[in-house]
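Consider the two complexes below, in which subunit A is the common component and subunit B and subunit C are the respective partners.
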Partner chain A sequence: MLGLALDLLIAALVIGVALWTVRTRDDFAAIVGFVAYGLLLTLAWARLAAYDVALTEAAIGGGVTGVILLRASIRLKPVVTVRKPISARILVGLLCAAISAGLSAVVLLPMTPAPSLATEVRAHLAGTGLGNPIAGVLMAYRALDTFLETVVVLLALFGVWSLTPDAAWGGRPVMAGPTAAFGPLPLFGRVLIPVGIVIGIYIVWVGADAPGGKFQGATILAAMWILAMMAGLTKAPPIGRWRLRLLLAAGPIVFVAVGLAGIPLAGAFLAYPEALAKPLILLIEVALTLSIAATLGLLVAGPPETASGAEP
Partner chain B sequence: MTAIIALFSTMAIGAGIIFFLAGTVGLIRFPDALTRLHALTKADNLGLGLIVLGLLPLSSSLGMALKLLVIWVLVQFAGATVAQLIARVARSTERGE
Partner chain C sequence: MSLAPFDAATLYGLLGAVLVGIGLYGIVLHESFMRRLLAFNLLGGGVFILFGVVARRGAGAGFPGDPVPQALVITGVVVAFCATALAITLIERLAAKDEASDGDHKS
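Entry: the complex of A and B
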């Protein structure tokens, strides 16, 4: 009974905050609403016992996306919002309503028995060397989806970089404000970053057997890098540096290489030979963690602003 | 013994919730940024501290208890830093006007 009341409260809050975020006219308020919405969704996923999804939502949905939106909104100011004509708004409203109706139909009118491969996954989990069924699905059965997700993050970074002015191409993004070197932020960075790096690696490692994994851990690592850049402890790297580009591409490259090797060795693209499954998955996870962390950090840093030759 | 532990946990968590409630009321009711910040940091420090204190005897292992303590210390540290940063901005905008 108490549980049901809590669930209803969370659901009402999620919908309420979502409506408020859409309705509000102020960019900053809308972004704060979006972050709060992400944290409430985290609670909802935790109530559904989907702790992997809850962690990802908190780290990426609420955390990194919120920071990216904030930095984007600072760049956009001053912005003039023009209300679209009434016909366009009605059309958008109808399309959104159709999507909502379709999704509700899927959730409320499920097939009985629901089609599920969960028992199959459980039965064959030992073959992957992983203890967490979510990690098993992501790395073994749906490896192609996971691969494409990481490529999408990289494509998003290309989108951000394409906003670079010609003069700044190959230069550094600017993260730290002019007063960053004073006050509490550098101290906070010096103390927190070593702790955060350990926690990030722990989250990646524990993901094999418990909730956690590369996306969540990489987000924490990226956050530590962002903190270092914001506190003025380090500068964002020039985006033209080839070592940086190699780091960004390392994850997808290793994933594709292992996937192609699977064709002769295990009979299919992205299939792992049984004996080597665990080490190969570990190799991919490490490479992907580094690439995702670097990509997320640079996504937050934004397009370069200083010319590549303007500094030593 | 278990009854005493349960009583202690309930009281500590209850007291923590009261601090969060008071902090939230302060955040909504207080007149300016600095006093609102003051109300909020009390909720973070004492409220979360009491909830963690109440959860400690219920944790299943030493590792779990340590994780709870680490969470409290990290939130304290982050909260104190962010409060300082916001207070600086609030003060400099006050002077500017």
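Entry: the complex of A and C
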């Protein structure tokens, strides 16, 4: 009973901040509402017993997405929200409510028995050497999805970099404000970053057997890098540097190399020979962690705006 | 087919359905790209939650939820972030371009 009351409270809060995010006239208030939404969804995921997803939502949905939205709110001029006429709002509201009602019907009239692959995952998990079923799905059964995802992350960065103004090509993205070095941020960074790096690596490592994993851990590592850049403790690298590009591509390259090696060794692309499954998965995870952390950090930093920071 | 019992999974399923509606409302009615992007992410959160409910109802074999949809949601959250990052950069660039052309008109 207490559990259901808690669920009702979480659901009411999520709907409240979602409505706030859509309805407020102030762009900045909408961003703050969205960050709160991400954090509250984390609670919903935890209540759905999906702890791996909860960690991802906290790190990415509430965390780095919030940072990137705040970056945009500083660079963009506030736009005055003009309310549409009441008739349009009512019509759109009714149509959207109809879609919600349709989805609710699907929720209320589920298929029985519920579709599930849990039994199959359990049956083959031992062969991967992993204890966390989510890691097993990501790294073995649906490794192709995960591989393509890492490529998508890289492609998004290509997209962001291709929006660099011509004059700034090859420069450094700038994260720190002019007064960053005098504020409390450098001290905060020096205290938090060492702890954050340890936690990030721990989350990656523990992900084999418990909730956690490379995406969640890499996001924490990326956040520490972002904090260091924002506090002016370190500069973003020039985007033309080839060592940086090698680091960004290392994860997908290792992944595809192991995948191709699977064709002669285990009979299929992205299949692992059973005896080597755990070490190979670890190898891929370490390479992916470094690449994803670097890519996420640079996605948040955005394209370089001036060539002034090109070389020190 | 029979009516689902009113448990936590059903409650969060209804939450997901409502969030999709709220997000869609924002996407249709807002003119600002930034606000549309936020609304699109609200919608995405609702879709992910619906998928999480499917996972929760597929609990079995000693797992509290079906790990396959859960893993796919993790992939989805990361991809959604990448798309958001790209969209924000596009919006910023568009705004910078508009500002530059406004300046040209004045001079």
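We take it that the second predicted complex is superposed on the first by the 278 of 312 C-alpha atoms of A that agree within 3 Å, B and C clash if a C-alpha of one lies under 4 Å from a C-alpha of the other, contacts with A are read in each partner's own complex, and residues count from 1 in each chain.
The criterion applied here is as follows: a residue touches a chain if its C-beta (ideal position, glycine included) is under 8 Å from a C-beta of that chain, and two chains touch if they have at least 3 such contacts.
Just so it is clear, the structure is predicted and the values come from calculations on it, not from any experiment.
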| item | value |
| --- | --- |
| Touched partner set for A:Arg122, first subunit B, second subunit C, both or neither | second |
| Touched partner set for A:Thr42, first subunit B, second subunit C, both or neither | neither |
| Which superposed partner A:Thr112 touches (first subunit B, second subunit C, both, neither) | second |
| Which superposed partner A:Ser291 touches (first subunit B, second subunit C, both, neither) | neither |
| Subunit B versus subunit C as contact partner of A:Gly183, first or second or both or neither | first |
| Partner chain in contact with A:Gly93 - subunit B first, subunit C second, else both or neither | second |
| More subunit A residues in contact - subunit B or subunit C | C |
| Which superposed partner A:Val191 touches (first subunit B, second subunit C, both, neither) | first |
| Contact set on subunit C toward subunit A in their complex | 1-4, 7-26, 28-32, 34-35, 38-39, 41-42, 45, 48-50, 52-68, 70-75, 77-79, 81-86, 88-93, 95-96, 99 |
| Contacting residues of subunit B [partner subunit A, same complex] | 74, 77-78, 80-81, 84-85, 88 |
| In the complex with subunit B, residue positions of subunit A that touch it | 183-185, 187-188, 191-192, 195 |
| Of subunit A, residues touching subunit C in the complex | 3-4, 7-8, 11, 14-15, 18-19, 21-22, 27, 30-31, 34, 37-38, 41, 44-45, 47-50, 52-53, 56-57, 60-61, 64-65, 68-69, 71-73, 75-77, 79, 81-82, 84, 88-89, 92-93, 96-97, 99-104, 106-112, 114-119, 121-123, 133-134, 136-138, 141-142, 145-146, 149, 152-153, 155-156, 159-160, 163, 165, 213, 215, 296, 299-300, 302-303 |
